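Multiple structures are listed underneath, in structure tokens.
Each of the two complexes below includes chain A, the first together with chain B, the second together with chain C.
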Partner chain A sequence: MSYVTISPAYGRGKTRLLVRPSSGGQFGLRVEDIFKPTDGALSDDREQVTGNTLAESIFESLANAKIWTSKVAMHMDMANRDRFFRQLDRLHDAEEWMEGDQPVQLETYKNFIRFMLSDGRDSKPSLALSADGVLTAIWVAGTDRLTVEFQRHNRVSWVVSNTIGPNVERAAGITSTDRLLTNLAPYEPRKWLATK
Partner chain B sequence: MARDKVRISPIPDCDHLMRLVPHKQQIRDPDTDVFIGIVNTAFSLRTSDKGGLSTQWVEYFGEKSLPTYSSAAERYRDNLPSKRIGSLAYFAIGNVGMVKLAASEAKKRIRVVHEPDGTNEGHAVIRRFTDDDRALLDVLAIEVFAEHVWVGDLDLN
Partner chain C sequence: MEDCGYGIFQLLRVGRGCRLFAKPDSWSVMLVTDSPRQAPRPPYSLPPIIEAVIQIVYPDKFAASRADAFRSKLSPLYDSKTDLKQVTAHIEPERRKAEFQDVPQTRFASNDQTDAIVVSPDGLLWTRLAPYPGWDVFAERVARDLKLAIKHLSIGKPSRIGMRFINRIDVPATGDVVRYEDYLAINIDLPPQISSVDNYGWRFECPFPTLGLRAVLQSAVVEPEVPSHLSFLLDIDVIAMNELPADLDSMLSHLEKMRTLKNELFELSIRDKAREQFSR
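Moving on, here comes the complex of A and B:
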């Protein structure tokens, strides 16, 4: 057994949730489960949190993200897992919360982790959260920037900004997560994704 | 009950706009959380953006300077239901003419208008703005609203 620490966005203290070991297929998720497409899924994270107070919704969303991460942790570098948790905690800081905002949608977080377990494994992105709870990852290399919104149903919306001499070259697109690297190929994505 | 008529007027191209960027829409170092910049989704429309992208008109409060930013931020904050802004928030500042130029290059015909909102007399709105063009949001975040002011550097009463 192991624990996942949840820092509530509202209220004091921390909660430690007991989770099952993530070192084997019996309890954790197998690779094929992690990458299982979610298109047509019946569940809706936003519906799941409806009816809760904001504090409960934030706590529940954070807990769900961390518990799900613990199930795939055997495929993930521990330092990466810890950093993702710290980033998630910061994004849900109650002191910084804006009225009307939504906590992270689990499906968008899963989509991000799927990418990180495949093409983004060796990189260290900044994370941001839209008002409606969509997770965005940002990779910065000098003045060049890659921004990817990890949406639901295995979709991503990406923007590249590359400085070429005095000009800025910009491109954007929408694709599936597994096609992202192919879409980015003309823009030398390794400068963002191959280094920590 | 009839609503009071809101006075709407265009804002000169040489003037400036301020938009609040909360902590979670900033680019921060993944380890140290040091501020690096602003994410393009900071220019996505929020539920609080009524009829366009909501900003503060800097010059309504005086000459472009830190004390003026403070006045504009204070008025913005006081009109929020919570009457508070996070201590890690930033304001991004951009020129009206550059906003229009970026929008026109993205084939959007926006209008930048002064539109008081409640007690916030210096409120400005970018009308006919849609957030579907992520490349435009990127231009706004990186090139247009390129001046960033931390609320900790403002004198807020």
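Moving on, here comes the complex of A and C:
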């Protein structure tokens, strides 16, 4: 028995991918390709001819976010994907764009989508975009609110506003995305994230 | 002749719990086991295709005015148009020489970026990203655009047709071990002295002379995009370069033939556990 050892990207412990020796395999990697493979949209040897206009810059960021979404689309509900796209389109309306603002940073968008795939389930957050292109998601349940800013490198900042009797309780923190639910546990996060 | 679940084959022999099929005038031999529990069969509800590509290359460049006319006909069919350049480098290390060539291209895409066509000086390339809506939808768009191309570009026979389907199989990383060979039927035969390797990658080419096709299959572990999953690619590229047709109907028939081979190779490359992943 032999196995491939790989480190998963999402820090849930080391996992081994087993490869059983069998008679069916051939090792065929070649340095040169006799036949150039049929390429496609995910090829990385193309670049957009940028005219450096604001509209082109916004379009490129938006398109990159949508193209990346296709890589996880088979794990997403189509209605959820379309809703995120509509919100992204609205957030990137070139006619209402403030000079100096940045379009969405792909890494913060990826962080948000990965959270939704693992813990966000079918919840329906509203999205907002900071001036430097960082994506923020807002969940509301009655008068209670959860706001999470999805930053780069698997980091999140969160703010909770909970109504307890006549009082409003507020809390905030910074953590990694995969520890967000653990941080939010005292505030019953399922009321936001399990909302259908 | 009968349908063995992978297409119409000739039944050669019936064994205990299995049947052996072959396709006359072709390369295919198929061993089908009579499993008490039927694994899902295509079309799958959640196909693992992350990108489907059809590429048609012509021996000569399109006339500039005809290419402009074709692009103007494509514009209303897509939501956006983007000018691209594909950069090709020719490097000769012994002469300390590197030459770069920019090939201008135009990409037309749907608003969600999943449907696109890239028009090059001498070729056309259609792509469909996930979620894959099925062959009929993809082929209908290709046929629509190809009809326009044949009319406005006045093109003859292509020099190459490629059909590439890139699949990514995402396996939930539950527990300590995920058995790779449970999902892919084509494996690397490691000697017992090598008990562990980091990642894997294989690639092979196989000719199908009677079909006039050639296939390149590749697989490798890739960085997972989905949390708590392990991922590996299964990339199937079917290529036609001989005696290619010029008219629309014959081109579409040719694409159908390539698709049949691509599907057979895919089904031969995966196991039932993978099929179950595609049909949750």
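By our rule, the second predicted complex is superposed on the first by the 144 of 196 C-alpha atoms of A that agree within 3 Å, B and C clash if a C-alpha of one lies under 4 Å from a C-alpha of the other, contacts with A are read in each partner's own complex, and residues count from 1 in each chain.
In this section, a contact is a pair of C-beta atoms (placed from the backbone, for glycine too) under 8 Å apart; a residue touches a chain by one contact, two chains touch by 3 or more.
As the structure is a computational prediction, the values presented were derived from the model and not from experiment.
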* To do: Would you sort A:S70 into first (chain B), second (chain C), both or neither based on which partner it touches?
  => second
* Can A:S118 be said to touch chain B (first), chain C (second), both, or neither? -> second
* Asked: Does chain B (first) or chain C (second) touch A:M98, or do both, or does neither?
  -> first
* More residues of chain A in touch with chain C or with chain B? -> C
* Asked: Which residues of chain A are in contact with chain B in one complex and with chain C in the other?
  -> none
* Touching residues on chain B, where the partner in the complex is chain A -> 22-31, 33, 36-37, 39-41, 44, 46-48, 80-82, 86-89, 133-135, 137-139, 142-143
* Structure fact -> Residue set of chain C touching chain A in the complex reads 46-48, 50-51, 53-55, 80, 82-88, 104-105, 109, 111-114, 116, 118, 125, 127, 129-131, 162-164, 166, 168, 170, 173, 175-181, 185-192, 194-205, 214, 216, 221, 223-228, 230, 232, 235, 237, 239
* **Residues of chain A that touch chain B when the two form their complex** => 83, 87, 90-93, 95-101, 124-131, 134, 136, 138, 140, 145, 147, 149, 157-159, 161, 168, 170-172
* To do: Give every residue of chain A touching chain C within the complex, in rising order.
  => 1-6, 8-10, 12-13, 15-30, 34-35, 37-42, 45-49, 59, 63, 66-67, 70-75, 78, 81-82, 85, 89, 114, 117-118, 178
